[in-house]
């Protein structure tokens, strides 16, 4: 191992430390980058899909999901469970023949990659940036169809996550 | 000494103890705020207004945490080590004059717990005992990282104590007293920092090392030794180390203020004459600590072998030379009179300047330097 | 009973106890710690005898520096293990007993006779608080030659210790790991 | 007597640095044999972050593979995606449209800056310069914001797909990147003022962890660690991809082969990356598709942001559901089966921030990869760790790990 020792002479060392300290002091006058999270919530950019999914409805209240299971196929993490069924013509859940009888997303598996929404042929499934997801048990991490049909509340209002 | 004297003494001890605790609390908050400021962050914000109670919250949390004793630990030593680390830190503060005096119940109560003739030696003695806490904590944990931390720490503290003592010796020679109150008196006209600037610098650097503060925080060195000597500590015992460390910081800064920055002296209006010195003292201590935090924010951690080399090969020789010079400055005018000494000093100084200018010119240019 | 007496009555048993316990202690680190306790209590006795400078020196030098180095060595070399029981020097125990008795006798005689000791008492210093100055005057004026001789002796000893303990610089063909091999280190330089 | 003394001399201490340790970049475990503070031997032990990424890709379609490989070296996700996508494209015999190529280069170079900023931050932290850590992460945050704006995610974007990229830049994206390009050079100068001449930084880095060129080549080391030894090896220059041969940049080298040289190289590489980013922005003035047209290869998705979040655009939904039965069939086929890749094998390297990141992809002509092997530079560079640290001090181990900048996600895959 070749010995290469830095040559540090006093004046340049003192100069370097002084300029370093001046640089540090300059930062004092710079704007703080901290986001005081639960008090001030910086909205994520529009494309952001760092949060939970959402199942959508048509304007007439029918569900957009047709139970095709493409999202489950696309999911690389096997996080989605869809069980399709025939619509009852009298009380259709969705327009068309089929609907999702059961729809679950396991947020312990989900990796937020977004392939599911890219696969969805009806824009029934969309990804939101509602990132305040917290669970205390495995059961809670599996979201059911009813939960996913609820639009997410504004950020910072979930009582569980109040204090971040 | 009658009963009232005893009561006043006890009262002073209690007040100083509590005051020290509160100061430490504020100091930790201040350090976190200042360094956050320098890193464009906010720092603690939740506990109390702008997070001022964060230390209290941390303290309460640590108090209720489980204290774990490792199976490999040397139990009695392990348990007593934090106390040993903390006690000398508090004791050292006893001789610091942090104000003038106030008259209570017809007696004059000085703002200083004790003013022994050995003064500053007491501080050194306590500082040298403080290392036991660290060494024993590291050894008794029965684990490798703490042991390395303890070894580093004992070597570091012993080495830098010498540099620190040399800086102090220079001041003592200059002031002609060990008694801290007299040293403060002697700075009525000029603060020692001006005639004794080199000693001040040596003291500040050695002080950083003595208190294990960055860039000399090698006994802890979280990126190398995890947390060094207190890796295995938790709960209230960890809090004691933390407390001791910060009390040490206060003490080191207080000594710097007392010896170099004129102590509690400062311009004061006539209202409440005993309050102003206190405030001045506090302000100066905080200024020194601000400097320490600033250094912490700037400098990387030095490597251990370089730290020792710096202590032994730079700080101590420099301190020795400075002690010699101070001795000459103090004694020579008495012996030979003022004039010849000043003239001689001027000649030596001129020769030194000439030599330092000439030396680089005479030396052959070194080949490709590293780290341009 | 004055405060000093109370303090003495409390501290003296601790001091003696720590000393005895140190001798009986098998764990080297515990023994060193007990010695520290002993040194500190002795230091406090100095303080009570109005010799604060001696106190400071006792704490700084003995408790602060020397004992830390002791601990340092114990920790670094891991000497806190059982030592071999055979005695390297023959008749060690007999010699130790004889020497011990001799020193005890000497001490007793000396104290009884009070040879060369002049009892100044605390009062002589307490008035002026000038014990430091008196000590300095004694060391640097009256006895400056012995003082300097001692310091030269200490420096020689320190340098000699360093030379003896120094590792021989690794030979040019050092193995890649950079470890000094056991065989390469000559036995005599390992320090006795 | 001498017997006991030599016994003392030989006594070494075994220290496990990691897997739980503040400065091992995650879960690297180093078995250090110490003589005092001198490292006698060092054995890196890996595998604590094994995630089965390579194996998993064998059970997913080719397109799904992107979401796995992006997680290998999580500090340079775009590079993983790019290497994988390029490899599959080579097997398919296609090439992404020009605009997609430019976007790939743009994001890779931004990613390189982000990764080097993390390196700067962590090595600053590990050597005790805490402020540098926060400054590094602060500037990286700006890059992550750009990523989030463009891809919707801050890490593991799954943005580079086989045949192109999934989305074009959003409106206003270019200005945002341009702002960043204006901001960063000043910040880099600040880092240099803090570190480059700082005596302690020099002491910690100069002459530490020397790895001469022959040893580096013998151990397969690539990236800044190799270039620090004076070897101007850079995949972007040697085997250009995505049109790197048309960009103007320099391959930075240093001769000293120590930690300080690596520091200088990474700082300079950030500047070079900025140069490339600026050239990309120029080229982005020209509009164009970002995904190949061929419906048998292209991933069928046209994303659009609505009040309900992000999903397929209503126009696309109308197209496949109401207008074109063929499009719907392609959509279903692509999602369920994916693309069928002709049998063959290919090795595709890219220059990741840590060195040569290669994807060795084997296809047996099916809808899934037969094997995807990631040649991760962190893993290979770690081999050189013992050579660099043995004989040094414990503190040097930290400096060396920081200067090699391994990412355990990439090492263990």
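Per-chain residue numbering starts at 1, and chain names A, B, C and D are given in the order in which the chains are listed.
To be clear about the criterion, contacts are C-beta pairs under 8 Å (C-beta built on N, C-alpha and C of every residue); 3 or more make two chains touch, one makes a residue touch a chain.
Fair warning: this is a prediction, and the values are worked out from it, not measured in the lab.
In summary, the chains found to touch both subunit C and subunit D are B. Two chain pairs are in question, A-D and B-D; the one with more C-beta pairs in contact is A-D. Between the CA-based centres of subunit A and subunit D the separation comes to 23 Å, rounded to the whole angstrom. Between the Cα centres of subunit B and subunit D there is a gap of 45 Å.
Averaged C-alpha coordinates give centres for subunit A and subunit B that are 49 Å from one another.
Averaged C-alpha coordinates put the centre of subunit A at 68 Å from the centre of subunit C. Within subunit A, the positions touching two or more other chains are listed as 1, 4-6, 8, 17, 20, 23-24, 27, 33. Residue positions of subunit C touching 2 or more other chains, listed in rising order: 76, 178.
Within subunit D, residues 131, 135, 138, 194-198, 202-203, 206-207, 256, 260, 391 each touch two or more of the remaining chains. Of all the residues in subunit D, the ones that touch subunit A in their complex are 60, 63-64, 67-68, 71, 131, 135, 138, 141, 145, 148-154, 156, 158, 166-167, 170, 190, 193-199, 202-203, 206-207, 210, 212, 256, 258, 260, 299-301, 303, 305-306, 308-314, 317, 320-321, 328, 331-332, 335-336, 391.
Within the complex formed with subunit D, the subunit B residues making contact are 35, 38-41, 144-145, 147-148, 152, 214-215, 217, 221-226, 296-306, 370-371.
Residues 4-8, 17, 20-21, 23-25, 27-28, 30-34, 36 of subunit A are the ones touching subunit B in the complex. Residues 74, 77, 116-118, 121-122, 124-129, 131-132, 135-136, 138-140, 147, 150-151, 154-155, 157-158, 161, 178 of subunit B are the ones that touch subunit C when the two sit in their complex. Put simply, subunit D touches subunit B in their complex at residues 13-15, 21-23, 34, 37, 124-131, 134-135, 138, 194-198, 200-204, 206-207, 256, 260, 393-398.
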